[in-house]
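Note that the chains take the letters A, B and C in the order they are written out, and that residue 1 is the start of every chain.
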Amino acid sequence: MRRGQTFERLMQTVFFLCACVAVASVILICIFLFSGGAPALKEIGVLRFLTGRRWEPGRETFGVLTMIAGSFAVTLGAVLLGVPVGILTAVYLSFFCPPKLRRVLRPAVDLLAGIPSVVYGFFGLTVLVPAVRRLFGGSGYSVLAVSAVLAIMILPTVVSVSESSLSAVGDGYYEGARALGAGHERSVFRVMLPAARSGISAAVTLGLGRAIGESMAVVMVAGNQAIFPKSLLVGTRTLTSNIVLEMGYAADLHADALIATGVVLFVIVMLNNLIFALLRRRRMKK
Amino acid sequence: MSQFRIQNLNLYYGSFQALKGVNLDIPERRATAFIGPSGCGKSTLLKTLNRMTDLVEDCRVEGKVLFDGKNILSRLTDVNTLRRRVGMVFQKPNPFPMSIYENIAFGPRTHGVRKKEELDELVERSLTEAALWGEVKDRLRKSALGLSGGQQQRLCIARALAVQPEVLLMDEPTSALDPISTARIEELVLGLKREYTVVMVTHHMQQAKRVSDRTVFFLLGEVVEAGDTERLFSSPQDARTGDYINGRFG
Amino acid sequence: MRRAESLLLRIAVYGAVGLTLAVLGLLMLEILRQGLPRLSWDLFAWSYSSENQSMLPALVNTLTMTVLALAMAVPVGVLSAVYMVEYAHRGNRFVRVIRAFTETLAAIPSVVYGLFGLLLFVGRLHWGYSLLSGALTLAIMILPVIMRTSEEALQAVPDAWREGGFGLGAGKLRTVFRIVLPPALPGIFSGILLSAGRIIGETTALIYTAGTVAQIAGLRQSGRTLSVHIFALWNEGLAQGEAYATAAVLLVLTLGLPALSARLSRRSGHGGGKRR
């Protein structure tokens, strides 16, 4: 029996160690990323790195401001295009959809969330870029094309999470609104939608995180010029695509600067994640 | 002979005291019923007898519970052996999601029975003891979850008997069952108490009267009165016992 | 006035659904329409050459990569879920810490995973561009998915079964592995399939860890998976037809797996207490 107990102890320790792997991974990632990016940040200077507009590896000039702007521009575009459509689609699924159709569409949305980003990128490359070229001229590789691809990519996530939070709102609210004489549409938009507000903002934050961290779907349609995104139709380069494009042949300070680009991205994503956590905590309190 | 001697037992869930200075003897090969309003501590005391209270976080116990002369609350007690000797049947039937045969064989296998003939024999014997053999002998390999509620509960009794315990603890075993299934379980208990010490928590006074030899009445974590069932119901010595069994509260 | 508002809202809702369905439908249709006709036996030739961009090596590598990454992540993920659900005390501070770190892990962009794998496995540990480096990187990436789905599956197992096990004198280990884990398996399995989909679809984290060589790779050799294959074809600026074909295969694979997973988890959801 003693032996049995020792074995129980041993296995409990094994389980505990497994649970620590996730923690250790995050710590390792932080250590390697930050220590890998530190030399470049030190040599270039954090402020100059963040506010520099030029990225010219040949001249050892590294500034990521244009990429930060690019990342924000395409993410903003994706959110503006994708989120309203996504939320309205979620509203449809929750309040307008016949139950039979819903049983098909709801799982289908979750399925679409599993499409690889390289497929989205390829779709953007072969369909959206030519479409933009035809409609607006230019090369088609543009902020607009990237935003559209990202909007499509985050659509399933936004729909799925918003729909869950809309469905979680109690029927009592809806019935109360109808009892006051409000029509179906009015009840849904004035009562149900606000009641699910924090869940929906979580969906937006999640979609935002995916968009800003995406690399494959971006790199194939962005054109990737490291210029300031002054218009929707010019090409752009994001933090992610900067790394993907150049890491293959970079060396020395150039490589370190790319890792530092990763650090900037990591920090931005963590901030986004923090907002997400705070939103959720607020929802829990309610 | 006493199977259990409970001495000055106090039990706390966090800062809430669920049992207060309980002193009680539980006789061997008799059926003892614990009665009292809900939240009075009767289930808690039952679970102390095989240390199922260990599973509750922040649960702290003081005092002694002697089983076979040894304090089972001691740190040195092997709870798995204790629970083999002191079996338990729960409020809701909880057959495992496996076949009827596997349900019964799980306990003996846990305690080292490996031979197939031995297991077969144990399965048949325990199912017979639980008055279920006739109904299930042709479907031993079928899932236990396909049985009716009453059958499931008898299966759980058989499962507890398969490890050859000395004591059977029953925590309101019929509260989730219909009247006919309840009657069958009660009948079963009447037979089982010749071989085993049975301790049963019930909120049904009629059930306590029909099944048990001794009855213990709990109120707010204390034992108010304990005695022969017939005597306790016909002439309760404490006024609160009288009020309770006459349905004035609880 | 009210009527007009209702009408407008209704138009907006139906318009949005139409757009969503149209766009996502167009995506799938376009990829399949362009890709499937371009599939040919040549594309499944044993080796890749610049004349015939066979996807077979990439397909084999995808399989190897999936098996490797799962083999590393599943035991760790499932056992840590066992710790979190069965062993750790509820509301334990350490559990909250692990949760927070797991969520962090889930939010890290794949390009950061790629950099990390490059720095640690390829660089510091000198494994070079190899399936091993890639698989370890991906194993860490899918760990949160496995953990979360396994935890949910374990939490769905009723406590009554645990009590039943303990009540018979079965120890914790035996109760967990013989009674609690079996009914949780379908849920855990659906998480594994979900992760497999992530592995198959991942590109960025692999380019600089497993590399882009188009060969059937061994553990310590560089090899591209299907997703990386599409990226590489694009990057080399040739063979759009082959890229289409590969994208179609990839789409079918990644849509098929979660569909399977959804079916499994639905079944386990029903299987909890009642019999069909």
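Annotations for the structure displayed:
One rule holds in what follows: a residue touches a chain if its C-beta (ideal position, glycine included) is under 8 Å from a C-beta of that chain, and two chains touch if they have at least 3 such contacts.
What you are looking at is a predicted structure, and each value in this text was computed from that prediction instead of being measured.
The most distant chain from chain C, with centres taken as the mean of CA atoms, is B.
Among the chain pairings, A-C comes first (most C-beta pairs in contact). A straight line joining the Cα centres of chain A and chain C is 17 Å long.
Here the spacing of chain A and chain B, counted between their Cα centres, is 55 Å. One finds 47 Å separating the Cα centroids of chain B and chain C. Within chain A, the positions touching two or more other chains are listed as 4.
Contact with two or more other chains is made by residues 80-81 of chain B. Counting partner chains per residue, chain C shows two or more touched chains at residues 171.
Looking at the complex, you find that chain A touches chain C at residues 4, 7-8, 11-12, 14-16, 18-23, 25-26, 28-29, 32-33, 36, 84-89, 91-92, 96, 107, 110-112, 114-123, 125-127, 152, 155-156, 159, 183-186, 188-189, 209, 212-216, 220, 240, 243-244, 247-248, 258-259, 262, 265-266, 269-270, 272-273, 276-277. Remark: chain C residues 89-90, 158, 160-171, 174, 178-179, 182-183, 271, 273-275 touch chain B in the complex. The touching residues of chain C, counted against chain A in their complex, run 2, 5-6, 9-10, 12-17, 19-20, 23-24, 26-27, 30-31, 34, 75-77, 79-80, 82-84, 87-88, 97-98, 100-105, 107-116, 118-120, 124, 140, 143-144, 147, 171-173, 194, 197-198, 200-204, 207-208, 227, 230-231, 234, 240, 243-244, 247, 250-251, 254-255, 257-259, 262. For chain B in complex with chain C, the touching residues are 50, 52, 55, 57, 79-84, 87-88, 90, 92, 94-98, 106-107, 110-111, 143, 145-146, 156, 159-160, 163.
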